Every structure is written in structure tokens, then in C-alpha cells.
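Look for chain A in each of the two complexes below; its partner is chain B in the first and chain C in the second.
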Partner chain A sequence: MLKCTVNGKEIEVAEGTMVIEAFKQAGEDIAHYCWHPGLSVAGVCRLCMIEVEGAPRLMIACNTQVTEGMVVSNNSAKVQEAVKWGLDFHLINHPLDCPICDQAGECGLQDQYMKFGQYDPEMAERKVKKRKVVDLGRKIVLDTERCILCSRCVRFTDEVTKTSELGIFNRGDRSEIGTHEDKPLDNDYAVNVVDICPVGALTSKDFRFKQRVWYLDNDSTVCNGCSTGCNVNVYYNEKGYFRVKPEHNKDINDYWMCDKGRNIFKHVNKENRLLKAIKKTEAGTQMMAPGAAAKDVASLIKNYSSDQVAVVFTGQYTNEEYEDAMMYIDKLGTKKVYHWVNNSESFDDFDGILLRGDKNPNTAGLIKALEAKSLNSTWEQLEAELNSGAIKLVILAGPELQEYFPDIQEKIQLFSKAENLVVLSSNPNPAYRDVDYLIPMKTFVEKKGSFTNFAGTVQKIQKMRLVVSQALSLGEAMQLMAGDELQIGASL
Partner chain B sequence: MSIVKRPDIKSSWYVTSIVKGMALTFRNMIYNIFHKDEMPTVNYPEEKYEYGPRFKGSHILTVKKDGSIRCTACMLCATNCPADCISITAAEHDDPEVEKFPISYEIDTLRCVYCGFCEEACPVDAVRMGPEWQQPGLNGSSFVHDIQHLTRRPNLKGGYLSILDEEERHNSGI
Partner chain C sequence: MFQLANERVEKIKSEMQRYETKQSAIIPALYQVQEQYGWVSKEALDFLADLMEIPVAEIREVFTFYTMFNQKPTGKFHLQVCTNISCSMAGGRELTDYICKKLNVKPGDTTADGKFSVSKVECLGSCDTAPVMQNNFEYHENLNEAKIDQIIESLQKLN
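Here is the complex of A and B:
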């Protein structure tokens, strides 16, 4: 450990630490555009200027290692002056785009200008105009004028995805970022460059112009797109959920997430949700409150003996929900509990960065819950019993992310061989048309709980804004179907 | 402890006050009949009062030289609005020079407090508060003004031109 003094604060840092990391550790403010903790050091923005005691000139904090007894500061007039001029150089060709720029509100350049700038520009030259609204494939729009050439995105494609699509072209004030011949930037991690862009040069097509960022709240949770369990921030307001960004977790996803995971908020919004329970009757369909429908199922279950009832789980619910559900399955008395494994042939796939073939957030949790009750029925048994008519009622805890269950139609047809099929699902699906009871469920942003990822790490998810307030959690649904009443305040 | 004052005989003797008040009214009436030009009131709606040029009346969305809407849908007016009466939906424009524009811009003038903060927040002189102050309407919905009303209602005679011109700005090198 090395001792150093940052802006008068004495701290101890590990050997090999850069001064900028020491600043972060001391909780001191330091501007930085090109430095990103997940990438290599470039040292091109020249804004993290520091004064080191004993050194004649200013240095950059991102490329200076801490030495024993080092005394550094960034609050002297000399540093402030250097940072001010550094900023002025960045702004020479930066357009006045803030009103239409999606980054406004979370832009490093804006923050820095409010701190050091607020002066009239001192450049008499005309701004160099560059290309705007360059289409880089399905996901990203590039604005070369706004770019300050920090090269974070270039280093990202070189170092993290190792695809090297992006580069800096031309020289001097005509340099601009881009892909060769404007080829699309379509790798599986491309949207990360939007997150790391300190200005609005790279914007996400999906989020573009949907909301201004200052209207959004955010909470951290765990991505439910696959079994990696990346830590993410979900951004939402009263109009719905709008975007997902990765959150740092050095053991699981570092600073990144995949582009598939960016879509996990879409099924949550009200226009895609199942709002009421649907019961199929002779006269057609009947809309019901979810709780009432579950109670209806409870009275239906009483007509059958316990071994005529089967429960099918998917790995998309929380550990707590499985625990509750198992408790009430005990009460129902059935031992016929099955695990619906989607895409079993690609189950163990891994792309080397984050994406895994198991598209369920909590397969490990489900297997553990089944093992705890020593329930080990196989899928073949289920198929055989459905064909022979031994199972009269199937309760399916349906998938939340239906796009990862391509065989949903066939499976529903299989389950329909039973006299009654109860599907618990957060979203409607054309395959659910002939289901006897369809009961709306809460999604992963509407409940508390935990997911166990592929490696057995248990991570908590948070309850954010309710979209369908009547929807049930799996535990609540099973409780009602087992004939119990819900307790006030006991819900997940 | 509060003291309740009961009306006594003195206070109920109100006729003198009425006579005094009526005398004042009639005195003014007779005076105004003979000095019509000194009258402080106007005969609305035949005569209308002229407000000062700084008066903050109905909102106007300005236009560019080609007649398209100046607003860039930056939402600063909606953010600054203390009455929360502006709702904007932004969209991508076909022209990359414009990039972003409001596909809907609505002001609920019944919620509006006419403070002028929207005008102040606007970075591109897109929303102004004009001189109009008469807004008749049949029901609540006729006070929610859409983009069409705000830019091209008949009173604006083809729309107000924004002082901020993108092309001029571009040519001057900003």
C-alpha cells in the first residue's frame, strides 16, 4: 500500500494505482472524458489535469501512477486555468446541439461547461462542419460533429468485443469517428458504446428522442435475459419503462451488458401486458380480476384428486416465489412438478463475454427449489401422463420473456391435452387463445426477490414502479389456487 | 377567547350609509354623462383595451422561413413549466439538418398560469406569448391547444417568424 495526499486528504492506495483512481477513492471531483475504468488509458482529452508537488508542470491524472508520499491536487488556480482552456479547445468545433441532443442532462461536457465555462467563445474561426445523423445499423446513430475524439468507443471495440469496427478517420480538426464505409456497427455489445460516449456522438436508436433523461428515475436490478445475471439500471417514469443500462459489478459483468438485455424492459410496459385474467367459458371469454380467477381455479382443483394436478415451472421467477410456490404445492399434495427447459440444445452456450445460452435468469434457483423438495419428475413422464389422460389439470407458470421460448405454441398444445389448463403469464400470446384460465403475473421490476445466476451467485432484484397493480406474484397465485386467502402486507 | 359582537340598534340603522353610497354613485354617473372621454372603463366588447407590448397572452409557436415549425422538441419549456401544462412528443425528422421535431405539442391553457417561463426557457425562440387574451371555448377540451392552433390559427396571419435562423447561424460559422 502507498500513502498519498489528494487535495489535502491522506489516503492509502494499492500499488500500481493511477492518480485518477486515487481521486475516485478519495471522493474528489475530477473531470475525465477519455479515461474509462473498464478500458485502457489513452490520455487524449487532457482534462484530468493535476498538480504534483515537486513536479514543474501539470500532469494528467489518468496516466500518472501514484508513488509513495505523493501530494497531488486539482483545485489550484493553475489547474483550473488549464482545465478551462482544455474545455475551450473541446468546444471549438462542438455544435450548439444540446436542445436536440439525447445526451443532454447526462453529458460530461455540459457539466464541465457549467463548472468552468459560462463565457463567450474566444474562437474567431468558423466551426468545422462534419456529418450528422450517420446511420450505423439497427442500433446506433452517429453524429461526428458532436464527437470530441476521446476514443473510448474505439478502444471498446478493440479491447472488449475485439471486433474493431470503429476508428478515427482523417487528421487534425477534420478527424472524425466512424466505421469503414459506414458499415453497420451490429455486434452483440454495440450499444455499450452509447453508454460510454461522454457526449452525444453515439446515440441509441431505441431510446432516441423517447424521453429527456432528466424525466427518468432509475433503480438497479438484475437483467433477466439470461443466466449470466448482469447488474443493470432500469430507467422509468410514470409513463413506463424506457431503457436499461449496465451497472458495474466486477465479478459478473464488469461495466458492460449485451444488446439483447437492453430489450428486457419492453414487455413490462402496459401496452404489452395482460391486464385482466381471462376465463374461457361456454359463452366465450370472461374478464376477471386476477385474484378472483385464482380463487376460481382453487374451487376447480377441489374436483380432482391431488395426483391429477400437474405444475409446470419455467426458470423465470425469483427464488422467493419458488419457495412460496413449493409450500403451496405441498398443500395441494401433488408430486407432479416439472421444469420446462427451453432451447435445451443451446443451453450451455457461451460467447466468451457475457451472453449465455440459458435464457432464464433463475434456472439454478428453480433446480435448487425442486431438489429441496426432492421432486424429480422428468418431461417424458409428463408427456406420457398427458397422453394417457392421467393428468386432468395443468398449472403452467409461464415464461415472462416469451421470445426465448420459441416452442410455446407446441407446448401449449401439449398441455391442452389435459382437461383444464391454467396459464400464469405477464403478457398475452396468440398461443394462449384456448387456455382455460389466463392469470396476469408481475414482471421482474414489480417484485422484490432474488435470482441465482449460472455460477450460483444470489443477487437481489428490486421493486420499482407497478404497471399492472392487480397482477399476482407466483407465490400469491399458488397460495390462492391452494385455497388460502392472501394476507395483507405479506405479498412479495 | 373570541368575543361575539351582537348587532345592536346602532349598527342596524343602515339607511344613512345606503343614502351616502347612492349619492356617490349618482354623482359619478351624472359626472360621467357630461365628461364621457374621462371615463376609466371601456364598453367591452364594442371597445377593447390595448395592452402593452410586453403583455403575456396566448402562446404562439413560431415558424422558420420555409413555414415549418421552429420548435426542436427539447422539452425545456415543459421542464420549466410550473403548472405542468405543456406536453410534447418528439420524433425523428426525415431531414438530417432538422433531426428532431415535435410531432405533437399541446398546451392546456386552463392549467397555464401565463407566467412566461416557457418563453424564457426556450433556446430557439420557438414559443412566445403573444398579445391575444380572448379565448372563447365551448368546453374544457377547446382550451387544450394543439400544434395547428399554436402555429397557424387565423389570428397569426400565416405564423410568426422566429428570430433565430438556422441557415444564417450556419453561414456565420456557429
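Here is the complex of A and C:
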């Protein structure tokens, strides 16, 4: 450990710590654009200026290592003056089109300008105009004149994805970020460059112009897109859910997430949801409140013996829901509980970065819950008993992210061999058209609980804004179907 | 399909062995293309990327950084006027305007008869004799309008 003094605060840092990290550790503000903790050091923005006691001139904090007894500061007039001019240089050719820029509100230039702005710029030359609205494929739009050439995005494609699509072309004040011949930037992690771009040069096509960021709240949770369980922040307001960004977790996803995970909020929004329970009747269909439908199922179940009832789970629910569900399965008395493993061929795939072939956030949790009750029926048994007619009623805890279950239609056909099929699902699906009961479920942002990732790490998810307030959790649905009343306020 | 003469391909391969990193061979490789074609096309960049197993963006970074690589075909005489600091202070930019007006072209363009291209370039390493211009590989130093008139006149005569 090394002792050092940062803006008068004495702290201890690990050997090899850069001064900029020491500032962060000490909780002292330090302006910076090019430095990013997940990337190599570039030292090009010249904003992280510091004064080191005993050194004749200012230095950059991102490329200076802490030494024993070092005394550094960035609160002197000298440093402030240097940062002010550094910032003014960044703004020389910047278009300042904040009113039409998606980054406004979370822009590094805006943030630093509030502190270090000249307010009365002294630049008399005309701005160099560069290309705007450059289409970089289906995910990203580039505005080259907003770019401050920090090179974060270039380092990301060089170091993290190792795809090296991006480069800085031309030189001097005509330097421009881009891909060769505007080729699409569409690797599986491309949208991370939008997050790390400190300005509005790289924006997400999906999110562009949907919302001003200051109208959004956010909460942290865990991505339910695969068994990696990246830590993410989900952004929403009263109009719905709008975007997902990664949140740092050094043991799981570092600073990144995959682009597929960026879509996990879409099914949550009202226009895509199942709002009411649907019961199939002689006359057609009947809309019901979700709770009432589950109670209806409870009376239906009474017509059968316990071994005529089967329950099928997908790995898309929380540990707590499985635990509750198992309790009520005990009550129902059936041992016929099955695990629907989606895309089993690619189940063990891993792309070497984050993405896993197991497209379920909680396969491990489900397996554990089944094992705890010694429930080990095989899929072959389910098929055989459906074919023989031994199973009369199937309850399916359907997938929340249906796109990862390409065999949905096929499986529903199989389950439909039973006299009655009850499907629990947050979203409708054409395959569910003929099921006997379709009951709306909560999505992963509408309930508390935890997921266990591929490595056995248990991570909490958070309840954010309810979209379908009547929707049930898996535990609640099983409770009602087992004939119990819900306790008021017990809802997850 | 872009093609490069065999001996040039071989030359590039040997340049790649010469340095600690193969990135160092990007400039010599670009020269090989430019010597054969007079300029470097985007297909050529893709070709080099495949040949050298270097991401094409990296090659393009080098290619567009240096003004000595031509991004489009040039005229017979490529007048490259230095507009870096020393030359600018000695009137290099005004001289460029003068040449362009005289030949009726814009910087970066070629005259209609295909004879002259004019471009602004970075420091030619001859600041002591600023302003400086390069016609193809030939240097013209301590320039002024009268000298430009002379040079262009003599080039007009060459056919």
C-alpha cells in the first residue's frame, strides 16, 4: 500500500494505482473524458490535470502512477485555469447542438462546462463542419462533429470486442471517428460505445429521441437475457420502460453488457402485455381478472387426482417464486414437475465475453428448487404420460422472454394433449390462442427477488414501476391455484 | 477485384518481417499500391487488410492521416503545396489560392484536361525554404507568385 495526499485528504492506495483512481477513491471530483476504468489509458483529452508537489508543471492524472508520499491536488487556480482552456479547445469545433442532441442531460461536455466553462469563448475562427447523422447500421448513429476524439470507442472495439471496426481518420481539426466506408458497427456489444461516448457523437438508434433523459428514473437490477446475469440499470417513467444500460460489477460483467440484453425491457411495456386473464369457453373466450382466473383453475384442479396434474417450469422466474411455487405444489400433492429447457443444443455456448447460450436468468435456481424437493421427472416421462392420457391438466410457467423459446408452438401442441392447459405468461403469444386459461404474470421489473446465475451467484432484482398491476407472481398464481387465498399485502 | 503486382505483394510481405510490429509496414504497403496505381482506392485498403491481417480501420487511419497518399486519382502533375505552420506564415495558403485560381481548380481537385492536381499538404520538412511545394516528387522552394507562373508555364509545355 502507498500513502498519498489528494486535495489535502490522506489516503492509502494499492501499488500501481493511477492518480485519477486515487481521486475517485478519495471521493474527489476530477474532470476527464478519455480515461475509462474498463479501457487502456490514452491520455489524450488533457482534462484530468493535477498539480504534483515538487513537479514543475501540471500532469495528467490518468497516466501518472501514485508514488509513496505523493501530494497531489486539482483545486488550485492553476489547475482550474488549465482545465478551463482544455475544455475550450474541445469546444472549438463542437457544434453545440444540445437542443437536438440525445446526450443532453448526461453529456460530459455539458457537465464540465457548468464548472469550467469560459462562458465567453475567445475563438474567432469558424467551426470545421463535419458529417452528421452517419448511419452505422441498425444500432448506432454517429455525429462526427460532436465527437471530441477521446478514442474510448476505438479502444473499446480494439480491446473488448477485438473487432476494431472504429478508427480516427484524417488529422488535426479534420480528424473524424468512423468505420471503413461507413460499414455497420454491429458486433454483439456495439451499443456499449454509446454508453462510453462522453458526448452525443454515438447515439443508440433504439433510444434516440424517445425521451429526454431527465424525464427518466432508473433502478438497478439483473439482466434476464441469459444465465450470465449482467448487472444493469433500467430506465423508465410513467410512459413506460425505455432503455437498459450496464452497471459495473467486476465479477460478472465488468462495465459492459451485450446488445441483446438492451432489449429486455420491450416486452414489459403495456402495448405488448397480457392485461387480463383469458379463459376459453364454449362460446369463445372470456376475459377475467388474473386472480379470479387462478381461483377458477383451483376448482378445476379439484376434479383431478394429484397425479393427473403436471407443472412445467421455465428458468425465467425468481428463486423466491420457485420456493413459493414448490410449497403449493406440495399442497397439490403432485410429483410431476418438469423443466422445459429451451434451445438445448446451444445451451452451453459462450461467446468468450458475456453472452451465454442458456437464455434463462435462473436455470440454476430452478434446478436447485427441483432438487430440494427431489423432483426429478424427465421430459420423456412427461411426453409418455401426455400421450397415454395419464396427465389431465398441465400448468405451464411460461417464459417471459419468448423469443428465446423458438419451440413454443411445438411445446404448446404437446401440452395440449392434456384435457386442460393453463399457461402463466406476462405476454401473449400466437401459440397460446387455444389454451384453456392464460393468466398474466409480472415481469422481472415488477417484482422483488433474486436470480442465480450460471456460476451460482445469487443476485437481487428490484421492483420498479408496475405496468400491469393485476398481474400475478408465480408464487401468487400457484397459491391461488392450490386453493389458498392471497393475503392482502403479501404480494411480492 | 483489386489486384496488386506479385513483386509488390512480396515486397509488402518482406516489409512486414522487417519491423517489430506489422503495423509499421502499413506506410510501405500503401506506397506499393500508390506506385502501381497512382492512388489508393478503398478496395486497395480492403486488400491490404486481408493481406496484412490488420483491421481495415487501422490501415485507413494511417492512410488518411498522411497527405502523401492520394485518396483519388491525380493529374499528371500533382502540385502539393505545404500549408503547415512555417509555410503558412510565409504565405503558403495565399499561394495555394493563387495556383488554384490560375488553374481554375479547387484544392484537392484536378484540372479538366487531367494535367494538374492541386492539394494542400502538411509539413514537407523544408521549413527553412518556406513556402514550399512539391510537384510529384520534385521540390520547389522559396516560392512566390512569379516562380509559380514560371513552374506552371514550363509544365504546360511538357506534354
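Please note the rule applied: the second predicted complex is superposed on the first by the 491 of 492 C-alpha atoms of A that agree within 3 Å, B and C clash if a C-alpha of one lies under 4 Å from a C-alpha of the other, contacts with A are read in each partner's own complex, and residues count from 1 in each chain.
Quick note on the criterion: contacts are C-beta pairs under 8 Å (C-beta built on N, C-alpha and C of every residue); 3 or more make two chains touch, one makes a residue touch a chain.
Since this is a predicted model, take the numbers as computed values, not measurements.
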Superposition on chain A - do chain B and chain C clash or fit: fit
A:V133 touches, of chain B and chain C: first, second, both or neither? first
Which of chain B and chain C A:V311 touches, first, second, both or neither: neither
Partner chain in contact with A:P99 - chain B first, chain C second, else both or neither: first
Which superposed partner A:R212 touches (first chain B, second chain C, both, neither): first
Which superposed partner A:L332 touches (first chain B, second chain C, both, neither): neither
Which superposed partner A:E125 touches (first chain B, second chain C, both, neither): first
Touched partner set for A:I168, first chain B, second chain C, both or neither: second
Partner, of chain C and chain B, that touches more residues belonging to chain A: B
Three-chain overlay, closest Cα atoms of chain B and chain C, distance in Å: 19
Chain A-facing residues of chain B, complex: 72-76, 79, 90-92, 96-97, 99-100, 123-124, 170, 172-174
Footprint of chain C on chain A - complex, ascending: 163-171, 178-181
Chain C to chain A touching residues, read off their complex: 42, 45-46, 55-58, 60-61, 64-65, 122
Touch list for chain A against partner chain B, complex: 96, 98-100, 104, 125-127, 129, 132-133, 208-210, 212, 214-215
